[in-house]
Every structure is written in C-alpha cells, then in structure tokens.
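In what follows, structures are represented as structure tokens.
After this come two complexes, each holding chain A, first together with chain B and then together with chain C.
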Partner chain A sequence: MFPKGTGHTMFEITVKSEVLRNVFSILTPITGEIKLVADKDGWRVRAVDPAHVAMVDLELSYGAFEDYNVEPLELGLNVERLLDHLKSAKADEEIMMKLDQDNRMIVSMSNLTLKFPLVDSSGFSDPKVPNLSLPVSLKLNSAELQKGLKASQSISDYLTFNCTEDKLVITSTEDLSSMTLELKKGSEYIEEKFEGTAKSSFSLDYFSQLMKGVGTNRDIMLHIGNSYPLKIEFEFSDGLGKVRYLLAPRIESA
Partner chain B sequence: MIELPKGLHKRISEALKIWDIEDLYPPQKEAFPIIASGKNMVVCVPTASGKSLIAYVAMLNKVLRGGKALYIVPLRALASEKYSELKALRRMGLRIALSYGDYDSEDANLERNDIVIATSEKADSLLRNRAGWLSRLGVIVADEVHLMNDAGRGPTLEVILTRFKQLEHPPQIVCLSATVGNADEVSAWLDAKLVDSDFRPVKLVEGVLEGNIVTDPNLTTRNIPIVTGDPIMDLILETVEKDNAQVLTFVNTRKGCETAAAKAALTVHRLIDKKDRERLKDVIMKLGSGESRMLKRLRSALEGGCAFHHAGLSNEQRGLVEEAFRSKAIRALYATPTLAAGINLPARRVVVRDWTRYETYNPRSPIPVLEVKQMLGRAGRPRYDKEGEGLVLARDPDEARELLERYIWGKNESIFSKLGSMPALRTHLLSSFSTGHVMDRKGMWEFISSTFYAHQNDTWKLEGDVEETLLFLEEEGFIYTEGEKIFATDMGKRVARLYIDPLSAVVLKNALMMPPDEITAFSVLQVISSTTDVPSLYLKAKDHDTLSKFLEGRHDQLMMDVPEDQVDMEWFLSSVKTAMFFMEWIGENGSEASEERMEELFNMGPGDIRSRVEKALWMLYAMRELSRLLNTGFSSYIDMISLRVEHGIREELIPLVKLKGIGRIRARKLFQAGYRSLDSINRATIDEIAKVGGIGRTLAASIKSAAGPDMSMMEEDPEPEIDPQSSLADF
Partner chain C sequence: MAYPYCSECKGTKAMCGQDHCPLLADVRGRASLPKLSGRSLQGPSPPSVFVGRFGYPRITIGPLASPAPLPMAERLEDPSFLNALGLEEVYSIRSSLVRGRSRLDVRTAKADPLGGSEPLMEVEDRLGIGKRRILSSIQEMSMSSRSMDAEMISRKDLKVMAPIPSLDMIMMPMGPSIDMLTLKVIDNPRIPRPVDRAVSDTDMIANEGVLELYREGIREEHISRLFSVGLLGGGRRRRLVPTRWSITAVDDTLSKQLKERALGLTPLDCYHLYSCSSFGNHFLIALYPPPFRFEMAEQWQKGSLWGEGDVIHDWEGPRGRTGYADAITGAYYAARLSTVDHLLSIGRNAGATVIRWITDEYWAPLGVWVIREALRKAFLTPPRLFNDRASLIQAIDASCGIRNWRRSTRFLGPLEDMTLDRYI
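Showing the complex of A and B:
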C-alpha cells in the first residue's frame, strides 16, 4: 500500500513506449492486475496466476528509463488496460507516468493523456518464489519452441519435456495423435548444465501463455527438472530488464 | 476463407480457424449481420445446427472490442460443455470463466474475465449480488430460452432478461431457442430480430415405428427384418449389423432404462467384436467395484455393448457412458429424456419408446411435441451420417396414425410465461426490492409490465396475487413500506442474496426461534427437509408406521410443532423421511450407509444423493446465516452438520475428509486403521499410510504433505480424482 494522508509519494517517470510494452506484455499472460514495487534502483514485479500454477518475477533497472524520479512505494496497476492503451503508441515514443495528488495515475503519450485510479493492491499476496535446483539448463531461441507449440495445440492439453544427454524431446500425445519435436544439442540449443536426465509435463494452455510473454524470437535459458517446475529466464531492453517465469508441472498419479 | 459481414470484428476469423470452421450454415449467415448491427436477436433452429457458433460470435464481437459477455445456460453440464469449447479462445488472449458454486459468493476474479458462463440461477444471483459488473456487459446470450415455459426455472430466466431489457444502456440480448410455436412473440417482447429456420446439417427423417414397419411423414413405409419380434430390438439389430451404427432410445423411467438395456445386451452381445469388447471391459473396470443393483445392471448391459444413462448415475459414471457411446463401443443406449435437453450425444437412429409420462393430473399425459422433437432431433451424427432417423414407437396401427398427426406432422407448442405463480412472484419481487431495482409501487408495476408475462397477458390478472405477496413479505418482516415506497429489510436482503424461496426462509426463521430442548442432527435435518427448496422423499403407505415409531421419543428434538391437520401431517412426515435419508447418509444410526445401502433403503443412486446433498447444503448454509442474523447461537452446530452432510460422514471423520483425495470411504478406512487425526497421519510414514486399503503410495504422499490449514474446498465427487496440475506452492 502506498502511504496515505500526508501528501503523496513521488512517482514520475519517462520511458520509451517499447520498454513499457515489453514489461506489460510479459506480465499480462500471468495476471491482469499487478503490484508494482518501485524504489530508486528500479521496478520489481512478482505475480502468480490465481491458481498458483505460473509465476513471473520481473526486474527493470532505473537505467531503462529516460527519466526516473521515484520514492519507494507499491502501486496496484491494471496492466492489461495499460497495454491496450500503449498499442497506439510508436515504439520510440516517450511515455510519461506520474502519480497525482489524489493518487491517480496519469499516463501521457504525445497528445494523449489518461488518468485512472490505482488498483487496491492491499489484497495482493507476495508470492513466495520456490527455491529450485534443476538438473538441466539449456540456452535456445524461443522460435524453436513456438514451432512445437503450434503443432500440439490441436492434439492435447499438455506437453512433456524430456531432456537426455544430447537432445531435448518435447511431446504431446493423446489417443492416437501425437506431436514430437526434437531439439539437438549443439544445433538447436546450447547446453549450459546437465546433471542427469530431466522429464516433466506441463499444461499446454499455461505454457502457451508464457510463450506469449516470451515472444517469438528471443534467446532464453530453459531449466528443467523431474516432475518439477520449469524455469524460463530471459532479458529484455538491452539487459536492463530481467525476467524469470516459473510454471508448476502436471504430476500424474500412478 | 469465410467472408464475414461488415461490422463484425476481424479477429473473429481467427476464432473460426481455431474451431476448424470452413463453411457457415444458412442460419449462421442470416444471424451474423444481425450480430454486427448490435440489435437483439432470437434464434430458433433445431439442435446441432450451429446455434452455439452464433452465440460465440455474438460474444466475440463484443469482447474483442473490450466489452464483457455473459452466457446463460440452463444446466451445469451444459455450462461445462460450452466452457470446454470456449476455452480454446484463450489462445486469442481472452479470459473465459465458468461461474457456479455458492449462490451468494462473490467470485473475486469475475470481472477479470471476458466471457463468463453461468447457469440461470447463478446469473440471477449475480444480478442480486453484483449489479455493477452486469451493467458493464456488452452482450448476454441466453441458451435454451424455450425453458421460460418451465414452471420451476422459467421465471428466473424471464426475470433476468427483463432486468437487462430495463437497463438504461441495455446490452445486446441474444436468445437461442428450440423451435417453438410463438417465436415471433418472444422476439417481439425482446424487440429482437428473429432468425427462424428448420435447417439441419444432417438430414433428419422423422417417422413412426409400429411392429416392424417404419412410416415416414409422406406415409412411405419400410420394413425391418423380423428377428426377435420386438420392434426396437429388431431396429437395433438392423442398425448395428447393416449400418454399423448406433441407436439411442428414450424411455421415460430410470428403471425402464435399466431393464431395457440389460435385456438388449443379451441380443446385441453377439455383434460386439473383440476390440470393442476390450474397450467395454475397460469402461467396466473404471466404473469401480460398487455392488449396487444399478451398477450391477450397468455392468451386465455394458458387457453386451449396451448401456443406460439417467440422473441416478454419478457424474463420473455418466461421463464414462457418454465417452463409450461417442467412441461407438456402446451400440444401444437407453436414456431418460433429460439427456435430450442436456449434452450432445447423437446417434444414427433415435427411438422415443414412451410418448406419455406420469403427471399428477394425468398418469398418461402426452409429452409435449417440443420435447419429443428435441429427442428425435438427436438423430444423425454430423460428419458421420448422411441422414438420421428419429422414430416414435406406436403400439398399434391406430396409435401410429395418432402419433403421426401429433408429433410428425404436428406443430410445436407455444411457450407461456410462468411468472404468475406465487413462488415465482414472492422470490422475484423480494429480489427486486432488495437490490433496489424496484423502490415503489410504480417501479414494481413498470417491472412487471416489462416481463414476458405482461407481453402475453393483461397485468390486472396479477393484481390480487401481487397484493397478497406484498402482504406476506411485509408480515414476515422481509420488506417494509412507507406510503408508496417499498424497501427490503436486512433480513429480506439476506434472504434474497441467499437465493432461497422466501417461504423456505420463513420455515427456517420460525424453527430458529423455537429452539428444542436438545438440538440434534435430526432437529436440523428435519427443518431443512421441510423447506420447499429441498425436495422431500415420496411417502409410501407403509412408511407411516415406521416414521411414527421413529418420531416417538424424538419430539423434544423438533424445532416445529407437529401439525394436527391431515394434509399438513403428510407433508410433515415426508420431511421426517427426508431427514432420515440424510441421517443414514451421515451415519447417525451407527455407521455411514454405503451407496448400496442407500439404494436399498431409498431407491436412490449416487447421482440422486449428490443432487439432494447439494440442495441440503445450500439450505444448511441459509439456516446458518439466518441463525447468525437472529443471534440464536446455533451457527457452529449447523456448520458441523453441514460438513457431515457434504461428505456423508460421522463427526469423528471431519478432520480426515479435509485432506484432498480422501472421501467418506477412505476416511473410514483410515480411521479404522487408527489414523484418527491429522496429527497421527503426520507421525506415520508414507509406507505405513499406503498400507491402508484403497490408498496407494501417491495418495499417501499427497495426504501426508497436505498439512496446510485450508483444504476444505467443496468437491464435486465424494472421492475426487487428484488434479494432475500441481501448484507452485508445492515446491
């Protein structure tokens, strides 16, 4: 919650529309409303979806902003709505965001100004980030995954990742149909860590949502375990923004 | 590529692609421009003719522009079916939600969704609890609008539509309906454009089956080879052998379904090949090892490639039968007519075996044309069949002639508003006062005159009943008047939000004001069983003695006076019988009754038990809330009874059923094995717990780790499957 009563807290930033768009489109696959924690070093957002299946942890350094004038505070924002408004802005257009006397957010871009109340963030929980140690870490381009994602959508509700020594096989099976995507070490991905085979299944719906946030052509680090959450890490805006997505697995009972 | 009319959002073509739609049916082509125009619309087309797509496109057209949509369906089963179709739209970044569950709860995340699917009862309660959200809707779709004709649920739907119609900025209203005689009247009421079509993607030939002769509407006849001499049996044999297809037969009683299916299995048996036999065996295995008569019959029917489908089966069992029928492992399915109103389960041939049914005013009352046509309309599987055949069975040539006239050539009935009934009036008037929708007599009459009832009748006919209702509501303390103004009291508002008949609230309220010497499970269960919202069990002649004996010595537990009057006494006794039913279920007489025992005692399958339990839970909740409001101090006792009814258990099992995956049966086994608390489970090892019958290692591990405080979620099934989706909180 932002402090109430004695005046209002300073929050005034200017930033390229592209950066904001990046931030919001990374968050919206998880949730429509977020609690933004801002201080002198930059922004941080942690959010989970209502079912606690997917989580995002995003950091954006103050260096990504054109102008940054912020006292420590927490803001509830409807990012879905903001993202909608940003669609009309050009990539390098400067956006100004400012908190006014009545704790309303003012967003201005070129000749357009929007004002809206903050979302009450008091009810937002601070998600606990699980401490994961995953045996496999791979570096690859998200385009490699998008291919399989598209193909599996008509097949099943979930995807299985199976990583052995020299390849990562992603499958989606139901009844008689199946999709198999084989990625080879050295050609489609670079191995960063391999401490033993890893196999986990994930909801296709959720995974597709995350991939929407990742985008179609981005270098990512993929971490997999055995019936353990999946972790995707990547950077944006020249490394000034860092993202971590976590996705809980499906665990079939014996 | 489908060309969309001007004014429809461009991204709708994306959705059509997701659903693999390559071509539009004529009614769809007719409806799309109306959707684009933003006008209200009533769509009357036969089942399985692409009605749903019209609804989906109407919703997309608004939500893609940032509006919200509400989809109202009559049954939960339908809500789930629509949900699974609409879920695919998540890929387009849309949020879809199913809203059912407690009527007075406020789903916290509701307004985050673009499309909300709800039953009409839930939608009505949303109107009472969440008027704000509903006023932001861009479109509402009401499915199966012809059910406005239904005395029980029709008024609710009618009131919802009226409310929306009356909004200052009303949303677009799209109504889907089966073919009815007065579609024009419905569309005139809603100021809507009418799309009325008899188009079907699969041709339907209707007819009458008499002896081995099938007569079509043009009086052309065809003979079925006589093998057994039983017309339906011979039709099934012909369909299976010659066409390699399936038959769906509608029978009006559950028992009739069961016997017919078991009998048919003896003949169909020899036509089942090895592969299907394996699949059927698999279904039988998944049905579990229950020993109830119903399950035994279902198993023996399945062994011969036949099955039955009715509300006595649990959701899970019904799901298994539906799946096996869709995969064609089941060749002949016998179902009660509820199937025709609900899920989509088409077959090459459909037979309506019984065209009359029991009604109190006429034990052989003919089923309305509308309903028979809906059953016949299930014939013909899109994409598989060129043609479907829907037949009504006649016992002799005279009857054949009569049935041709009544059903095959006959016109569908018109539908009529049922809002004029007293229960509908008191429920919906109270709700209008409590939401502030209506604040005085003038507003009340404005509301009444916007209804379909008023469109069809003169409102002065209602004056007497309305006055009587107002008097009742005021006397019972639900409303108060100041001159022309009318307000709901706090009690009245609570009752409206609880979504119960005000008359039930009066029963609960009076009982709470008359505390018994000793409150027991019986006290509470008898009270809720005497409300109109919990259907009582049918009283048989021989029950009188049993019940009187049961009541002896229990009088000081009662929370109401035993009536003197003969008719009231009947009503009272059946509430006692219903209470006994719940008492068996929660093991009040020693141990929790098994499903087999419940069937033996009360002739009820798991599906019946579930639906009664859900109604009882709702009434218990209402009683608890009223108890709080009246400060009677029974709240925690009622809560405890409610938990017991929910799970069907004695008090000592309450801590155990809070564990996910543990229902009444496993809880009892754990208890018997000495695990009497969460603590004792925590102290045991996984292997020790896994030794208890019916609990494998996976479950043992999951219950051991589930030590969190909040596990009391309502589960649909008594022994829920574990959701394979884990949560990040587990790691």
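Showing the complex of A and C:
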C-alpha cells in the first residue's frame, strides 16, 4: 500500500488553475471530500456519493501539470473548499500545491498563499466500480441535453432515456404535464454502438448534478442500458483528464 | 366551518382571510382555565418556557407556571407521561400553566465571555436591570431538569387578563398569558452535567451542541428549550429563538446529522411495515432498501381539528432537502427524527414512507411530540416483514386509512430507486 501521507512525502505540483478547477468541479457534484491517490503517472480519484446513487472515476495524467514531483501517496482533500478558493484565480494562472512537513497542504496562487490541514481519509472506503456492459453508446454534445434538463425541472423528478435505432428520446412526465426531447442519429448524436433498444429512468436531481460536473459545452459519450445504470464518459484538458460518471437507475417495479 | 385548505394552513397562514383561526378559537373555548387573582402568581413550572414569534426580533418570552400546587409538575413537559393520558387530560392539564410575558430583543441572548463587543453593549444598555434579571431567571429555569417554583408579578390585576390559552400544531398547549414585570425563581435548579457543559461552551456551534446533548440522553424538549432561550451555540451568535421554530430546528438538525451516519450502515434487504395510533393520529411506516429517502403523506379526515382535507405530501430524495417542508411542516421533521433514530438502532440504512391520517379523536392540537412519540412506540413493536415490494404495497393498501395513498407516494410508486451497490 501507499504510505498514508505520514512522515514527509514528496508532493509538489504546479498546474494551470483551469485544470484544477475542472477537476474539482467534476468531483463536487458527487461529494465534498475526496481521497486523492497520486503517483508518478498522475492523479486518480474514485468517489461515490453518500447515498451510493452516483459515482465518479477520474484520472489526470502527469502531463496535465506544468511541474509534477510526486511520490505515491493518498491525500484527503476538501474539494468543495478548494473549488471556492480557486474562483479568485484567472484561468491560465499557475497554482502551486505542496505538502509541508506538518502534513498541511499549501496552495499558492500568485501572491496568495493558503495553508490547511488534510482531511482524514482513513475512513474513506475505496468504492467498488460496477462492471457494466451497456448495449447503447452515443456521442453527443452536452448542450443537447441541457435544454431538456431545464425544461423538465418544473415537471417531474425523473427522466426516462429511450434509445431506438435512429433516435434517443428523453421524457419526463407527471400527471398531465410532460417534456419530450428528441435527438436524432447523425444530426444530434453519433452512434458508436447499438446492440438493441435501451430504456432507463434516472433521478432528475442526480442527473442535473452530474451535468453540472460535465459542463455546458463538452463532447460526451453516453452509455445506456435497460433499467440499468447510466454511464457518462468524457475528457478534459486536451484528453489528459478522463472522467467516468455512473448513475443508478430508477427501475419499473413489478 | 372547515375549508379544504385548513389542513394546509393549520392556523398559521390565514388562508381563509381571518386573522385568528376560528377553528382554534373553538377549541380554546373548551379549555378549563385556572382562576387568577391579585397581581402575583406563584407556583411550580415543569420547567417550561415560551418564546413567541410575533414582532420578531422584538419577541415576548416567559416561563410557564401553575398557580396551584401540582404534585407532578415535573412531568407536564414529559412526552412519555403525557402520551399515557387522554387528549382531554393533556389539554386541560397543560392549559393550567400560565405563561408570563416580557418583551425582549432576540439579540439579548448574545453571550460574550470576553465582553466589550459594540453591538452587544448597545442592546444591553437599552435593557433595564429588571429585564436582564428576567432573562437570566428564564435561562436558569431552562437548564433545570426538575420542576422549579417561580413567582411572576404583573402590573395589573390578573383577574382582568384575557384568559386565552395558546394552541399550535408544533408546541404543547399552554394556558392564558399574563404580562410580567418581574420574575423570581424560588428553588435551585438541578442542571444535568451535559447541559452545563454545552451551555458554558461558547465556542461550540449550535448544531454540535444539540447533537452532543441528544447523545448524552437529554430529551428533545429540554434541548429545544435551551436552544430557544439562547443557551446553545457560539457565544456571539446566540439568540432567543421562538419556541415554534426551535422545536423544528432541533428535530431538523438532529435528524440531518444522524442521517449521515445511517447512510453508512448495512442496507436493509427486505421490507418493514410498522403501525401505531395515538390521540386519533394513525400511522403506517414502511421501510425499504436504500438509497435513503424520506417522505410523509398526511390527511386530516372528517371530524378532525381541520376537517376533511386533501392528502398533503412532503419528501426528500437521497440528496436531502434544502427548503422547508411547507405542506406538513413541523410534523415532517419530528417523524424524520424518530425514523432515523430507529435506523441507527437497528443498524440499517433504508428509505422510509410515513403515512399519517387523523380522525375525529384529535380535536385539539397537542404539538409535534405526538408524532415523535407515536413513531417511537410503533418502532418498539416488531414490524411485519415482506420479501418484496409488491407485498408491502398490498399490505399498506389493506390497512391504510387514506384511500388513494398511492397517488401521493414518490418512492412506492411505479419507479423504484436503486443504488450502485446492487450492480457490483
């Protein structure tokens, strides 16, 4: 196992603020505190939300950093707070993160320096990642989904994804109101895999949270099954960062 | 005359356009009230205090005391005792407690161990020595776990006071109120050690203090009493909090914090159904496999306090809720606390649906402790167990007093929430 960040482990990186902001804003929809696993190849974070409904698996290669000097270790970080601090930094500003002798994290951005203790990560379990094989994979821009999301907020608390051969229909229904968003193959999305129709429903609240993490204009890969979890994959920072979100479904019960 | 929306208003929103709820006025008329005379009132207090919400931040505050000797004064604020009585008895025994009233600014409760803060001085300067004494007497009473005798002296003859008892869905009933010029506490308080610790810790935020006290076995009534008289929380942030708000605040913060722990427990892998009745309040409580969710549906039926109303519903998904449970209000938080408590005691994480219907036996509101205690009682009996969701739903169909309850459930409807754990 990695040393738990005790003693003095080397952790010193410099990175553009935009990259960090991406990382933290992808993680915060799932949880406010994370365990960061770092080694010479880069960062990895796996986290599940407190209710075990959604999960994130994020990798960031060392190539995304300006300067990367890290021995293998695990760090407990409050990403919510970090994200807050980063708001004051410009996109291309360089941020330095460093672990000091007392195991405190030092974050410096231009003439501002922050020091804070690590979060105790010993209680964080390593979430098991379900191995899913999903019959449908589509590539699309997140903007296509955003407008449907916005419209359904006032209608219901869930979304149903229904993918047939040539279109993906997203609906949200309650009583007499409904929202239908129709996306066509070839125009709004590109089909990567189609092994038969797929239909699943998800909590709107969770899905909107994940879409906050995805951002408004990003190419994503959507994997859909039949009453099965949803998988959203995308890249950031020129492909040096990779993200996988999983979301548990709401299934029709007998 | 009850309107369909009375159950949603519950005497607080003036939805019928009348300032004073006519239904509550009718119930008030049925109280047997204590006879008062002279300018002073001396007698035992459970202890009990009341902080009003009208005129906020300049509210009225005062203790509740009985003008006649009461052998079990101590138990008049103890739900487990009140729960064993009939509704009539609870109502009349609580109506015998006379409430003193003195006007204070909520910021008066600021405690600054270092002294010398500007705004605090300002508030205190305007505060006469008499008022300061009243507040410290009330705070002293609030800390006590045993009943204390108090003496209230009014400016006017008490006989001419309007004998109106206070009624509310959230608080316990109270007798008539009198304007209070001075307040003297006669006995010494008995202060439980955890209370002393929490009150003197002016660095601990209120949420932590509340949880700490609860874990030490201090009852909610005592905690919300301390909270309402501004004895919990960081010193400079202490405030007087209207009793009505403080009860819900304590239920809310406790259940929120305890829920975080329940999330990490073993998932419930079957379906539980509990039931219970109390003062004409009937309950069914269903527990089912995670994710954690909570919902409550309630219906006031023919002959109940608010007459026949629609089914009202409040809920929260696994991510919790941020807004106030507008429809059901305080009862929602009381039910959530008892439910989460139960999850911790059986060591299981689960979702829950609480269904409450209220019949004609419940003609006077007694406060949300009725819900808290009823659920506790329900959880003491072994549940009916089911292996599948369909059988649970059938069992609810068979015993539920709300026809069409299925229309107002989010979690026992056609869609069932899953967790990712089920795909590993």
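The rule is simple: the second predicted complex is superposed on the first by the 247 of 254 C-alpha atoms of A that agree within 3 Å, B and C clash if a C-alpha of one lies under 4 Å from a C-alpha of the other, contacts with A are read in each partner's own complex, and residues count from 1 in each chain.
The rule is short, and it goes like this: a contact is a pair of C-beta atoms (placed from the backbone, for glycine too) under 8 Å apart; a residue touches a chain by one contact, two chains touch by 3 or more.
Because the structure is a prediction, the values reported are computed rather than measured.
Clashing of chain B with chain C is the outcome of superposition onto chain A. In the superposition on chain A, contact of A:250 is made with both chain B and chain C.
Judged by the touch definition given at the top, the superposed model places A:50 against both chain B and chain C. Within the superposed three-chain model, A:153 lies in touch with chain B and out of touch with chain C [touch as defined at top]. Once the two complexes are laid over each other on the shared chain, residue contacts for A:212 go to chain B alone; chain C is not touched. When the two complexes are overlaid on their common chain A, residue A:100 makes contact with neither chain B nor chain C.
Once the two complexes are laid over each other on the shared chain, residue contacts for A:32 go to chain B alone; chain C is not touched.
Looking at chain A, you'll find residues 48, 50-55, 128, 130, 132, 201, 203, 205, 209, 228-229, 246, 248-254 touch chain B in one structure and chain C in the other. Listed in rising order, the residues of chain C touching chain A in the complex are 260, 263, 290-292, 317-319, 388-390, 410, 414-424. Within the complex formed with chain C, the residues of chain A that make contact are 48-55, 128-130, 132, 157-158, 201, 203, 205-206, 209, 228-229, 246, 248-254. Put simply, chain B touches chain A in their complex at residues 66, 87, 90-91, 93, 95, 109, 112, 696-699, 702, 722, 724-731.
Chain A makes touch with chain B in their complex at residues 32-33, 48, 50-55, 84, 127-128, 130, 132, 153, 201, 203, 205, 208-209, 212, 228-229, 246, 248-254.
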